[in-house]
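Each of the next two complexes has subunit A plus one more chain, namely subunit B in the first and subunit C in the second.
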Partner chain A sequence: MDLALATGIQALSGIATLLLISLGLAIVFGMMRVINLAHGEFLMLGAYSAILAVEAGINLWVAMLVVAPLCVGLLGVVVERLVIRRLYGRMVDTMLATWGLSLALVGAVTMIFGNTVAGFSAPLGSVQIGAYSTSGYGLFLIAATLVLLAAVWAVLRFTLAGLVARGTMQNAGMAAALGVPTERVYALSFAAGAAVSGLAGALIAPMSGVVPTMGTAYIARSFITVITGGASMLAGTSSAAGLLGSVNTLGTFATTPVLGEVLMLAIAIVLLRLLPQGITGRFFRRSL
Partner chain B sequence: MQRRTLIAAAGGLAAPLVFRHAALGADPIKVVSIHDASGGLDIYGKPMIACIDFAAEEINAAGGLLGRPVQVINYDPQSNIQLYTQFATQAATRDKAAVVHAGITSASREAIRPVLRRYNTLYFYNTQYEGGVCDRNCFCTGSTPAQNVQRLVPYIMQKWGKKVYIVAADYNYGQITSKWVTKYFREGGGDAVAVDFFPLDVTNFGPAIQKIQAARPDMVVSALVGGSHVSFYRQWAAAGMKSRIPMASTTFGGGNESLLLSPEEGDGITCAFSYFQEVDNPANRAFLEKFRAKLGANTPYLGAELAMRSYIGMQLWAEGVRRARTIDRVKVIEALGSGITVDGPPGKTTLDPKTNHVTLDVYVAEVKNRGFNVLQHFPNSPPADTQSVCDLQKEPNANRQVVVDVRI
Partner chain C sequence: MTEDRRALLQAVLALLAAGFAAWWLPQVLELFAIINATVYVAMALLALSLALVWGFGGILCFGQAAFFGLGGYAYAVAALNLPDTTYAIPIALGVPMLAAAALGYVMFYGKVSDVYMGVITLTVTLILFNFINSTAGDEWRIGAAPLGGFNGIPATPPLNVPGDPGTALAPEQIFVIAVACLGGCYAVCKLVLRSHFGRVVVAIRENELRAALLGYDVRFHKLAIFAIGGLMAGLAGMLFANCVFVSPTMFSLAYSGQVIIWVMVGGVGTLLGPIIGAMLLQALTAWAGTLPEVNPSLILGLVLVVAVLAIPRGLQPTLAALFRRRTP
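Our next item is the complex of A and B:
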């Protein structure tokens, strides 16, 4: 019984981590059809801002939940102004530019902070489930992901800004004809996506090795999740994260970590072969 | 017309420069160092480069070699194997290097070792690795499993028990090292309850940590590698496992992992290497003092052996050149085979002419407050693993890496 419960928690935590690291990318991709190859570095910068803020004496929770998204969100504004805005509708050029940006960010962080930075350990201690011990912070991550998901959904569903954003996403030309300043909508969505990435980076910081190149370990996973999910940013990312995360965790349990990874990638490939538009290209098509 | 006179004038100006250079008669001896100063491996590479440069400066301050100064040319392969091969070719053909000190991962070594052999360029590999390289042109100056694992396992068995759970990186280093760990556990009357391998980009260790709990081992031994795998130690501590199951590692500290963790996450992890910055002896104190005086605020933390082995590698090569009285490759190799010992900060390092590996001192230490606390010192450990499969005196043309058949 406790084994099943502990396994369930691990699966949930795997899903939550995938969702967390993919959501920022999904927002940018879903809203603007921009593929941000610097997404991994946004995560890294989130982790770094949280660590530096904690070092500067700021409360750990404030550092993770406020400082990190704020810093990376601001960076997102700057990046949108300087790079993304000039390349709308040119997907390949955007990919190239953001890839360059990712290299530059890794280089800059290495130059400024060196290649080692002393991280902080996960708060909240550990929780006992029968014979198994699991981290309290892992449970917090699951809850935080749910709250974040609900918040994004509520903003899109119930606020005027959300309505405008959805309209722009569906048909930018029509939205512009109706007087929506689409450029500003894009700028804000990019900043929002960056802020969510920053938040995600800060949240995973206590559970990962924070180094300037850490983005590369996450970016492939988040891309697979977003692409498998398809066009709808929330339903798509959640369903893909749910599927891939549980396959990975349960596969690792049942077999070996290597096969767990292989299984996850295999499922993603098969899915994309059957559903080239992603999960939400076929199911939950009208969802957010 | 004008252009022609200009070229002629330039030629006239340049000619005396060439002559003057040759007339100096003290052409520097070129040492090429290829270590990652950027990319994911710079955490290992930068301290190694600092130590190579430092060793060269020491040699030059003492009058150079054969009356010539030593000039280090550093190339940065950016953690990219392709660039390793490119720079190795450049070092051999364009720079005509007297020796190349290069390589961090076993993959990078196996990329450049054949290149340097083909171009007859002497090669030093100064990293702890899985053992088994048998190549007369290649000198491996770091420790191997028969040196570090052999010391680590009895120590932790005596302290913690007989059942071990091994987690290792999924490439040749992790695969081979996990076999050695199992072997030494069985020799001590214990056993491995399980071995799990992880691809290098795995960051979620939750399921693995739970599997370990289900297996109830007396201890965990990690041969995990790289930045992503640091997640394991953090998630281990976050799950409250540190107080329940003790951990040892064959890799932790080699890449300054200890600096990334907070003391409550890292303290107590037990490791064995042929050097720790915290080793307490007069030679090491003197070295660190000079090293800090030179580099000031930029002094890197040397952690475990990689950087120090690079320093020793340079000294071994220099001693070989002094004895050979030439930088000619074959003569230097012969001189290096005459039983060279360098006494330095990690203790005595003696080259073994049969394997081109080294006999060295091994230290067992535990992580303490982002550094190490040295617990035990084992002098004169021979590279027994490579010795069991390689004899360059009988077989001077050998050119291979033997996967030592670990009988477990």
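Our next item is the complex of A and C:
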């Protein structure tokens, strides 16, 4: 019983991590059909801004939950202005430009902070479950992911901004004809996606350690989660994260972490072969 | 049929240029520079393979490095197991080609769309990278060849004189072979694209639905051009294994990314552009590596962003357009 519970929590925290690192990418992809290959570096910058804030004496929680999303959100505004805006509708070019951006950001951060591991230790100690103990921070991560997911859903579902965003997502031309400034909607969506990425980066920093190249470890995983999820940004990403996260955790549990990841990637490919439009191309089609 | 004649002329010119480079450069360069030049040529060949697949087949492959790495590893493993490394050549070409064909079958016959194709190729590269990285230790060996995990296979034997396993080829001779391969592949690409098959491939790139309605098998043509690209990338990997050695970095995203950057900067939809792009940008990266404070990734990344924004068509078409405007 205790073992099942401990394993379950392990699997849940794997799913939560996957969902957390994918959500920012999903927002940008779902809203704008833009694949941001610098997403991993947004995570990395979120982690670094949290570390810098902590070193500057700011409270750990404020650094993670406020400073990181703000910093990366602002960067998102700048990137959208300078690069993304010029390439709307040119999907492949956007991918290439953001890839260039990703390389440049890694290079710049390596120059400033050096190629060493930084980080701060996870707060909240450990929690006892029968004979097993699990980290309290892992539980916090699961809760934070749920709250974030609910918040994004609520914004999209109940606010005017969410309505406008959903309208633009469904039919940008029609929304523009009705007087919606689609350019501004896109800019704000990109900034929001970047802010969520920054938050995710700060939240995973205590678990993963922070290096300038940490983005590459996450970009492929989040990329695959989003694509496997398909067109609906929340339902798709959650279902894909649920599926791939459990495969990864169980695979890791049964073999090694490397083979667990290989198994997850292989499952994703098989899934894309069967469902070329992603999970939400077939199931939950009308969800957000 | 003047265009055909022009293609033939270009192919012959490429072979002549390659012949000249192969004859002249070893006389003026030192040994280290020769090995370096061989790496440049291998990379140019890798760029050429992606130029064919992406620029003419319209398949954006984020994992061209996977076939590059597979070619290198297949060569290294086969060369360590076989008495005569000449026999390793067909294996080094066959394995990546078959891998490309298998992957192509999944993608093209599964009707996977553009972006998803990028993701799948990227994922496969990552799987290989992770897998090879984890093969440290004695239980991971194929015949006499330890896979070596993160360290790769430092003892990759070079090619020998065919039929004489005792005599390994000198770096100069490997350079000559590399240049011949590059020139030969360029000529083959030119001629393939002029053939009926090549025209159909380009027609599919232009409008897939139209080509299908005209009765061409879109899936098969894409699969074939993808497999040819895989074979050429494997050849590049084999040449690379002959002048450096194979290691998991051959599969890394950095390599896949670099190739795309070279082709993008050189010009998508041209063959010569990516070769030039590969040479220029490698020289740039090497030069940036000597600067003390600047990280080469920063420069490479900025070059890519600026290239996408400023010269979306790439160097060769932009320069050619300029030249044409000057001389009406």
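Observations
Just so it is clear, the second predicted complex is superposed on the first by the 282 of 288 C-alpha atoms of A that agree within 3 Å, B and C clash if a C-alpha of one lies under 4 Å from a C-alpha of the other, contacts with A are read in each partner's own complex, and residues count from 1 in each chain.
Here is the rule we use: a contact is a pair of C-beta atoms (placed from the backbone, for glycine too) under 8 Å apart; a residue touches a chain by one contact, two chains touch by 3 or more.
Everything numeric here is computed off the predicted structure, so don't read it as measured data.
After superposition on subunit A, the partners subunit B and subunit C are seen to clash. When the two complexes are overlaid on their common chain A, residue A:T7 makes contact with subunit B while staying clear of subunit C. Shared-chain residue A:G107: touches subunit B and subunit C both. Once the two complexes are overlaid on the shared chain, A:W153 sits clear of subunit B and of subunit C alike.
Of the two partner chains placed around the shared chain by superposition, subunit B is the only one that A:Y137 touches, whereas subunit C remains out of contact.
Once the two complexes are overlaid on the shared chain, A:T256 sits against subunit B and subunit C alike. Looking at the shared chain after the overlay, A:V92 reaches subunit C, while subunit B stays out of its contact range.
Look at A:M207: by the touch rule set out above, it reaches subunit B but stays clear of subunit C. Look at A:F283: by the touch rule set out above, it reaches neither subunit B nor subunit C. In the superposition on chain A, A:I269 makes contact with subunit C only, not with subunit B.
When both structures are laid over each other on chain A, subunit C collides with subunit B only at 169-177; the other stretches in 25-33, 169-177, 331-339 or 385-393 stay clear. Applying the stated touch rule to the two superposed structures, the overlap between the subunit B and subunit C interfaces on subunit A comprises residues 107, 110, 216, 220, 256, 258, 261. Within the complex formed with subunit C, the residues of subunit A that make contact are 35, 83, 86-87, 90-93, 95-97, 99-108, 110-111, 216, 220, 223-224, 227, 256, 258-259, 261-262, 265-266, 268-269, 272-273, 276-277. Contacts from subunit B toward subunit A in the complex involve residues 38-40, 42-43, 46, 170, 196-199, 201-204, 206-208, 210-211, 213-214, 226-231, 234-235, 237-241, 244, 256-257, 259-262, 264-265, 370. Contact residues on subunit A toward subunit B in their complex (touch as defined above): 3, 6-7, 10, 13-14, 17, 107, 110, 115-122, 125-127, 131-138, 206-211, 213-214, 216-218, 220, 248-249, 252-253, 256-258, 260-261. Residues of subunit C touching subunit A in their complex: 60, 106, 110-116, 118-120, 122-124, 126-127, 130-131, 133-134, 253, 257, 260-261, 264, 293-309, 312.
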